[in-house]
Amino acid sequence: MMKAAIFGASGYTGQELTRILSAHPEVKLVAVTSRRFAGQKVPAVFPALQGLTSLTYQNATPSQICNLCDVVFLALPHGVSMEIAPEFIKAGKKVIDLSADYRLKDLKTYEMWYGKHSSAKFIKDAVYGIPELYRQKIKKTKFVANPGCYPTGIILGLAPALKKKLLDVTTVIADSVSGVSGAGREPLTGSLFCEVDGGFKAYKVGKHRHLPEIEQELNALAGKKFAISFTPHLLPVKRGILSTIYAKLKKDVSLEKLHALYSAFYTNEKFVRICPQGVYPNISSVCGSNYCDIGLAVDPRTKRIIIMAAIDNLVKGAAGQAVQNMNIICGFKEDAGLNVAPLFP
Amino acid sequence: MMKAAIFGASGYTGQELTRILSAHPEVKLVAVTSRRFAGQKVPAVFPALQGLTSLTYQNATPSQICNLCDVVFLALPHGVSMEIAPEFIKAGKKVIDLSADYRLKDLKTYEMWYGKHSSAKFIKDAVYGIPELYRQKIKKTKFVANPGCYPTGIILGLAPALKKKLLDVTTVIADSVSGVSGAGREPLTGSLFCEVDGGFKAYKVGKHRHLPEIEQELNALAGKKFAISFTPHLLPVKRGILSTIYAKLKKDVSLEKLHALYSAFYTNEKFVRICPQGVYPNISSVCGSNYCDIGLAVDPRTKRIIIMAAIDNLVKGAAGQAVQNMNIICGFKEDAGLNVAPLFP
Amino acid sequence: MMKAAIFGASGYTGQELTRILSAHPEVKLVAVTSRRFAGQKVPAVFPALQGLTSLTYQNATPSQICNLCDVVFLALPHGVSMEIAPEFIKAGKKVIDLSADYRLKDLKTYEMWYGKHSSAKFIKDAVYGIPELYRQKIKKTKFVANPGCYPTGIILGLAPALKKKLLDVTTVIADSVSGVSGAGREPLTGSLFCEVDGGFKAYKVGKHRHLPEIEQELNALAGKKFAISFTPHLLPVKRGILSTIYAKLKKDVSLEKLHALYSAFYTNEKFVRICPQGVYPNISSVCGSNYCDIGLAVDPRTKRIIIMAAIDNLVKGAAGQAVQNMNIICGFKEDAGLNVAPLFP
Amino acid sequence: MMKAAIFGASGYTGQELTRILSAHPEVKLVAVTSRRFAGQKVPAVFPALQGLTSLTYQNATPSQICNLCDVVFLALPHGVSMEIAPEFIKAGKKVIDLSADYRLKDLKTYEMWYGKHSSAKFIKDAVYGIPELYRQKIKKTKFVANPGCYPTGIILGLAPALKKKLLDVTTVIADSVSGVSGAGREPLTGSLFCEVDGGFKAYKVGKHRHLPEIEQELNALAGKKFAISFTPHLLPVKRGILSTIYAKLKKDVSLEKLHALYSAFYTNEKFVRICPQGVYPNISSVCGSNYCDIGLAVDPRTKRIIIMAAIDNLVKGAAGQAVQNMNIICGFKEDAGLNVAPLFP
């Protein structure tokens, strides 16, 4: 069994990793860290996990953890991962970083959006971990920068159309909604039940930190530089991101053709499901699973394509994709530990 | 006291009218009709209204109701209003029609989207009832076509920018979400709690019947013909519509200027509130009230303006606006019966 | 106009008072205090109130506020009210205290459940403010201890049966659920959307601080001492408390008789609505209103009566009842400012 | 592989069975029936299941299905199962009936609560399927009457205390709440999102059809006849039942002893988790899993025990327990296909 550890395991993403790895057929979870809950058993913090793990949160140093594990997941805020990752990298461990610290290839861009980087020299070693697009590179690395939640859906949604050069890229708009778990488990007023339930609003309009990450990847797919509009909204559900993406077509394309293109592009991808024509994805149909569901519409009146992509932000948007990346790196079956049906209703 | 009746009073919009009119200082509600609940007291169907009204639903003909009232509200599906309205119009009654039957000025467009019209000759008499834009016309009519819920927010959100000709109108996109009460009280599988809660999805992409209504009004405001993209989504809340509207600016405009323009445009409008700069509207801040809250952003990277407009679909998007229109027609204070603070949390 | 102030106005109860008093026909709200938000306008903290009040939160001392107002509402935590109230009492102001500090007549009981009392000598002056039971006393006082949210519903639900001595009082059980606003606006992990939504659990079983308050009042109504079981649960809604109350009947009583007794008991009480036989109260039917809805069942198999009482915890359970008490003290119409229909759906 | 079929597969319970059986390591799901959706692929009705099954709903007769399968699950309404089950029983198939038709051993009781029984002679052959209590009997049968959702939690919650004769059985009260999926997928007004969200109310007080089932089993456990009070409430969540159960202790028992008793009673039961002392179960901690979480409190003031039991009504309360029963009958590992962590948040 591969020995795995989670650094920063008491947030929602850390808990999701704990849940998935506790049941993973090839992995033994050996350590979970948390400063806030150090000394407490995992089920004392997350009663849902009673009987599934008996680990205790540790307030451990990287080197203490490094000795115990073959692979480490960093479920840490940006700015913290960059302090922790290097020790594991240098020790030759497999590292899946779920923070933003190694996603942006351009240091200047990183520092403009996130602040000073303290271990920038490792950025070039990190592979951006969307398996459906970069599987071969992931296979060969030990260090994955696991994508952000919003970027995952938007990139998977646009990839076929961009690679096929169907779109006027200056017209791309991503209008996204996210469930509240995306804001983490910090006790913030804005995440309180009474503030969120029954509400809906945009936030950080045109200013969300996932914007440069999305553009980096979309530009790479299109082979040219362009800017998009990206508006995130807070959705009163626990899990799920839906992005509704608009772009003008460079020339007429029928829905049939578009649907065929997308179906072919993802034909061997277990975790991307193209909805039948006329069906649009619902976040409740991917809840708890590693699927990305993609729906398509063509609006001939405005010559726009509308792409909708739904994921569970904690699974395909974070912990699930991280495990998928680990599976690839380690040569396990890519869906090991992820073979779970969505929970509906 | 003005005597009012509601035709089709047992849906959510009819209930909301009942609630508002029961407490209206200038109105006596004299009759409510419902085929499904005929013979039952209103509070037997809506226990929230116990003690507020003692009316009984009637299965009455238009002429029976016509004799009883000075003003009638038609809270009926399209296709039904057109059969009922004429009798009231001919009798010289004040008519507020909440269906789509008299909103579209172009008969062909109506019949393409909704089907055959049986009383088309009255279309030209109906005034499209957005008081903030058409108050003078409404004052002089007895027959108001009360706007649709999605159109209300989108039109109010775009009006200042369109009238000022700031926008490249070929780039307008309205991405909207609506609470479930917008789907009515019919027992449909898609409106069940278990189907909606925790979910989010687009529907009728590019094909929603409010599209021609929105375009009719936006074209009128801009003084030219253009098509927009409009994507409605189903939001797991009971009340509220938020539209996030995108358009390219024809030339650079600062957020300060834009904010000043909107503030000036709506300066005397009690029911339109412009959010402070950097604040975006939340549907939970208008819940239960007749307000339309508008927020603004400028994205200099893409030269786009992002306008967000929030309303309560049952109030400003239906029953509240209908009462506002009645108040204008009847010469009451425009906020009579509508002077209610939003219910938060 | 009566001049009113709110001490501790930035919690949910304080906000609700602000909302109600801003629209009250006899009152001018002159000051609102908040340490956390001092210097900010009310609508900057609660955007729903934009246009309804232009007050700014102050970090003021009691004496500063005392000079400005005729009546003060203390929407403070227990232990804080006791420090603030005396100054207003001594100055002869009308005081409505929404904390627990002056509700328990027995000092020892207070100190066992809440801790040291620093102004215990005023306890005897406070009138326990359930108007439906103690209206005459309230009329004659200037100092009201406004009841707790759970106690309000349970006391109103049991009063007729206890006064009529129908029950074996050793068998009384109150099983209650409360919406999350009851936990206040403090950013606690347990109040986060992701912790609450989709969940349901009991808390403080047999140990909630409202227990001695409930027992004090039930004992007074029954004219003898007895203990009850009280189990609160956290309900994933924003507003509302429902208590399902069980007790054995001393002798057989038919539902018809019981219903007639309750209807007679509350016959002149606008804010208590007895549901028709066979209908049970729903918190969504009182949402946003000052109503207490009571439903009744008799279980002949077990000789138990089941009483269900629903209130909006922020209105009849806090701010609304406080205003009702103020109205009585000041000689206003008892429903002034409270004449609002519940918001359904 | 064991060949399984589901009769009545398009309700929520049927869908849950489809989900679990599609991933079951020992089972091949060969047929699913539905009159309403006959001819449609499963994922056309439940998009969450795209890629997990390619079965098509059939409108098939029992004999058509009987030939295809080794085990059949009847996820049918009461009154329908009794028409379908006999054919499978006679053919020697394994039958798991999820309806109420064979749960009540006393025919008169059945007919009083449910109406005429058309295949009553098979009642005596059915084993009531709570594995934690009746595993040995289940092992030897081919015909299981799968318990109701409310009964499952209440029976598991009371079993240790009843068997140990700790309780005054005349004082037992079960106050229960259920998520909306318990009402099924029929499009009923009362199950609409707008009717349920933000609400909470009791229903069928003292009259729910699960009452005789609960009493039959509790009486059997206690070895004597007694009646209980049972009040179900509708909870605005999708999944989950929590029962808060009250009873007087015959003599003093400490929480420590009680906790030890329960822990010992269920010590080898994977699917029953006893919460640590002072921790109470939350339905969100069992969501999507086959667990029953039990919490305990002792109220020395009233000499009452309070037992709280939480399950997912669609899993341990229906489909999961049905699969658990099948596993036992077939000699599979008892947790085969059920080895799934709860989904939190």
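The chains carry the letters A, B, C and D, assigned in the order they are written, with residues numbered from 1 in each.
Here is the rule we go by: a contact is a pair of C-beta atoms (placed from the backbone, for glycine too) under 8 Å apart; a residue touches a chain by one contact, two chains touch by 3 or more.
As the structure is a prediction and not an experimental result, all values here were calculated from the model.
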item: Partner chains that subunit A and subunit D have in common; value: B, C
item: Chain located farthest away, centre of subunit C as origin (C-alpha); value: A
item: Between C-D and B-D, the pair joined by more C-beta contacts; value: C-D
item: Rounded Å distance, subunit B centre to subunit D centre (Cα mean); value: 45
item: Centre distance in Å when subunit C and subunit D are each reduced to the mean of their C-alpha atoms; value: 39
item: Subunit D: positions in contact with at least two other chains; value: 12, 181, 194-195, 197-198, 236-239, 281-282, 284-285, 287, 345
item: Subunit D contact footprint on subunit C (complex, rising order); value: 170-171, 173, 175, 177, 194-195, 197-203, 205-206, 227-229, 231, 233, 235-240, 242, 244, 246, 280-285, 287, 295, 297, 299, 301-302, 304, 306, 308, 310, 345
item: Subunit B - residues contacting subunit C, complex; value: 12, 15, 19, 22-23, 44, 46-52, 181, 198, 238-239, 270, 273, 275-276, 279, 281-282, 284-289, 291, 293, 339-345
item: Subunit B-touching residues of subunit D, taken from the complex the two chains share; value: 12, 180-181, 185, 187-189, 191-198, 236-238
